[in-house]
Amino acid sequence: MNKPVIGIVGAAGYTAGELTRVLLNHPGVELRYLQSESNRGARVGSVHEDLIHEDLVFSDVDLSDVDVLFLCAGHGHATRFLQEHPLPDRVRVIDLGNDFRLTRDAGPFVYGLPELNREAIRQARRVANPGCFATAIELALLPLAAAGTLSGPLSVFGVTGSTGAGQRPTAETHFSHRVQNLSNYKVFTHQHLAEINETLRHAGCVDGPDIAFVPTRGAHARGILANVVFRSATPLEELLEIYRACYRHHPYTVVSDAPVHLKQVVNTNYCFLHLDKEGDKVLVTSVIDNLLKGASGQAVQNMNLMLGLDETAGLSLKASYF
Amino acid sequence: MNKPVIGIVGAAGYTAGELTRVLLNHPGVELRYLQSESNRGARVGSVHEDLIHEDLVFSDVDLSDVDVLFLCAGHGHATRFLQEHPLPDRVRVIDLGNDFRLTRDAGPFVYGLPELNREAIRQARRVANPGCFATAIELALLPLAAAGTLSGPLSVFGVTGSTGAGQRPTAETHFSHRVQNLSNYKVFTHQHLAEINETLRHAGCVDGPDIAFVPTRGAHARGILANVVFRSATPLEELLEIYRACYRHHPYTVVSDAPVHLKQVVNTNYCFLHLDKEGDKVLVTSVIDNLLKGASGQAVQNMNLMLGLDETAGLSLKASYF
Amino acid sequence: MNKPVIGIVGAAGYTAGELTRVLLNHPGVELRYLQSESNRGARVGSVHEDLIHEDLVFSDVDLSDVDVLFLCAGHGHATRFLQEHPLPDRVRVIDLGNDFRLTRDAGPFVYGLPELNREAIRQARRVANPGCFATAIELALLPLAAAGTLSGPLSVFGVTGSTGAGQRPTAETHFSHRVQNLSNYKVFTHQHLAEINETLRHAGCVDGPDIAFVPTRGAHARGILANVVFRSATPLEELLEIYRACYRHHPYTVVSDAPVHLKQVVNTNYCFLHLDKEGDKVLVTSVIDNLLKGASGQAVQNMNLMLGLDETAGLSLKASYF
Amino acid sequence: MNKPVIGIVGAAGYTAGELTRVLLNHPGVELRYLQSESNRGARVGSVHEDLIHEDLVFSDVDLSDVDVLFLCAGHGHATRFLQEHPLPDRVRVIDLGNDFRLTRDAGPFVYGLPELNREAIRQARRVANPGCFATAIELALLPLAAAGTLSGPLSVFGVTGSTGAGQRPTAETHFSHRVQNLSNYKVFTHQHLAEINETLRHAGCVDGPDIAFVPTRGAHARGILANVVFRSATPLEELLEIYRACYRHHPYTVVSDAPVHLKQVVNTNYCFLHLDKEGDKVLVTSVIDNLLKGASGQAVQNMNLMLGLDETAGLSLKASYF
């Protein structure tokens, strides 16, 4: 039987690079098209330099031939691409940007967080892949929201790596500036807040949530650590039971008894969670790889669900470029 | 006129190394004694390897000869040292450990935060130098405490460098583990909390403060970034005025209009503060060098005050921006 | 059909951790035994913390049950282990230490560099896996040695990551010391020199080689970059032809037209080579991942050959912990 | 008495930033003019962000008022600046670019390596400050050249930090690419080779030298480590005596008995050297801070000599060991 044929639009960026590395070794699909306007005709290894030995060339996507299309064109470009390229009905689309994540923009797109929407994703032809910070923070709070016990003010401190800022060299990603440094940005106003709020309300949070979110640029290339602090009278053991029950049947979200750190999940599709409690103070720590569970890995997880494959196919392992 | 003679007890550790570097270039004092039991007789450059060209040898301290004694012997050792070595009355002592920071332990020791206790430090013969996280967080909240407007729950996220964990190699400071990693420790229970709470009450905080403090190990060697979040109805401009007024006459604590980052203060004695506000959410960001303003630099600032020297003598350190 | 059963002796170290990550996802074998004296009975995730979700426990190896045994017990321990544990004839052994690499020590062990000894490895019951620096440097010079044109003095500068120094925390692997630092060690006397000299002579180097090797500790965790400099009258194109011909049928050693860097190969089993020439000066640059092509990846490559599996089985991708 | 007045042309770059930090704390001069075309009128702290508390504004240089002018305008710009701005005879000029380093370009400019030309620098009105790699490599070989014993082929491996590549963000200085990476550039063709060759011939090297120089980009921001390898029959002790005698009266070049590393000299004006010998193989390791001894620190050292100040004035920078 022929394997489903895959195309990537905007294949020269960081998330597309990661997607390429994962899909090249995916046993159940065939990566055939890597579209990049500015690199058309060039070997893929000239951009993703760890892949010089692969026989791949940037080209256009033959839309009559693909079964799944990943859109990595960057925020705002997906809408235009879909307007300019009417797709045959059978083509599945996964957008890695933020064009279709909010209900008001979504149209036929399902929000692609498997821990919340697995069944809907299985039926979907269009999936909006969540943002990286959104994934880490939503997974930290989903069980509480679903249990109806998420209320009151929350403080969230999230530290992200330089790959979260994309491929374009800037003053903030200059090595001389970034190495051994820390700085905040978009304090209380990060664009993922709307997505997080909506997702937690869909999950069952009745009012709010009321999140003070401080994003920080870290001295690392890959990975997000999100520290979520709130107050609660519920005993730790009860909270843990809620979390474990919520994720029992989700392969990539793990509640850890021991404290967690970035290196446990970097280069994997996992989210590791850990809870601390002292008096009424609660900390939920959530760690993910921003390029995998926070982008390309979760996109492949969604693809697997949409195609009826094993949810974990092709996601056991991968190359790490950064 | 003879310069005051300085001795360091426990001179082989990180903070003692920094103290040595600062005092060697201090125009108003003479560093004469570097005591280290395990290194007695060895050249100082054999431990602090950047100082191989300095003609210094680890030796005992001649207590009849010193004017100022810095205790870097580690937490708990200062008490014993002072019991075993009765000091002539004229010798000034600055302890860089935590033996005398809390009122219940302090005896004659004054808490050495110049922004709070400058006049008392000028009169003191004994000074307890603040902890590194304590310094960063207290300076972030002192103006509010003094203005009597500090109340309600606070969340504090502080990220520190590997030098904060001392010189002994451990699993947590192993390069392979630490590089590009982040992990929390002592969640809600860090030993500086008592010191912070007491200092803020002394400054004017009537009840509380109620701080949820999450300390994090960062992927860097030097520097602390503390993010302090709380809710307040006071407009940002009013808050800024309170902060600026509080620190107007303090040379090393600067309220910055622009966002701040670690590299601005690493290798200096400065604390830079920045405020953000959105709705009722307030963020105060505080950055310091944990080995300087958080330890040895502040100790020299205290020494300057005790000796009647210019508060900034020997502390115009060349910033190392990269 | 039953898959071959695998055991690892000394399973708590860095190279054993990498081996575990690779073998867990290998389609053709079953990893059944992870032996670690000091961790017997503990969950594997308590040591290799990215594997907390795996249902694995450290145990003894049932030698009557294993088909392939990897020895990761550290240099010198393999000899003793084999003396104390007589193995059934059918058990294949791959030693990752240096006990059997030199002819004088080898006995039945074949030197496990597939680019030199592929056929012998296929027939072998015992394989001595090459050292990490040895692999990088030998692959940089093998084509010249085989062509009989390797002569005259060579200078080799090799920079390695902190994982090369193992798991035990030391002054040299302390993050505060290692970050942004560089230092040489074992100048001209590195223990891999004997192995390199012997291998190049076996490959065809008649006299010599005469290598001045300077190993350097780099500010990174994984990866070796070896710069090999010599003088030669042979034109660059001719040299390139010799290299390409030599590695044409070897899947993991790639001659790159463009300059190479560490990130292209870290977390893979590849060795990338690049040649520069200016006048009579030649530079061969060789980059590998010291834990994979320099240790556990090459060990699995050898296992595949010994078992008659595809040489690349299980090596397409892997988890990155460091 | 009035202090000499200093101006910096091109004051917004990395080396100018370092120069500013050093001169602000120099006891013997007054830094009055910081010229930057693109930043005229802006506060210096808006560019060099650690200096936000300094009351300095970018402005034009009043050439009738300055005593010493530092040219940091970038390679090629100094010539044009001097043509367009005729300078009063009494103004001393130090160029940090490469316009006047070679004899064929020098005109009245003296090559500003104090270890070679101290007396000539004292008399000079124009000084060409050496390149960073040139400084590290020349200091590693100067004693041999002066002793007339430098001959035969040499291999030099030099690793530099990202600050060596300047302030402009590029693909090579992107944090995601640079962190934990190593790559060569300008192999055998680095522009400092001409300067190095000429300097060593001036010092006494009769023919040659014949240097194969491989520059490497390191995973750090500051510092150069140069490994110089050659063959020699001279015993190590004799070599050491030659080196020690050569640098005995030079305050910033130190021959170390113990192996050296970057952190010993970063943030200082020192060059540390160490020699290894095994058979006929010799390694000279040279470490400097590329922004200080390799640029701005050496420029101030030259200024001190030109003004008749103590050679070390303003350069007793606190070492930053971590």
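Brief remarks on what is shown
Per-chain residue numbering starts at 1, and chain names A, B, C and D are given in the order in which the chains are listed.
FYI, a contact is a pair of C-beta atoms (placed from the backbone, for glycine too) under 8 Å apart; a residue touches a chain by one contact, two chains touch by 3 or more.
Keep in mind it's a predicted model, so treat the numbers as computed, not measured.
More contacting C-beta pairs link the chains of A-B than the other of the two pairs A-B and A-D.
Put simply, the chain farthest from chain A by mean CA position is D.
Here the spacing of chain A and chain D, counted between their Cα centres, is 46 Å. Averaging C-alpha coordinates per chain places the centre of chain A 34 Å away from that of chain C. Remark: chain A and chain B have CA centroids separated by 40 Å (rounded to whole angstrom).
With touch defined as above, residues shared between interfaces to two or more other chains in chain A number as follows: 161, 176, 179-180, 220-221, 261, 263, 266, 322. Against chain A, in their complex, chain B makes its touches with residues 153, 155, 157, 159, 161, 177, 179-185, 187-189, 212, 214, 216, 218-223, 225, 227, 229, 231, 259-263, 266, 276, 278-279, 281, 283, 285, 287, 322.
Across the interface of their complex, chain A is touched by residues 21, 24-25, 46, 49-50, 52-53, 179-180, 254, 256, 258, 261, 263-268, 270, 272, 316-322 of chain C.
Interface residues of chain A, counted against chain D in their complex, comprise 14, 161-163, 167, 169-171, 173-176, 178-180, 220-221, 322.
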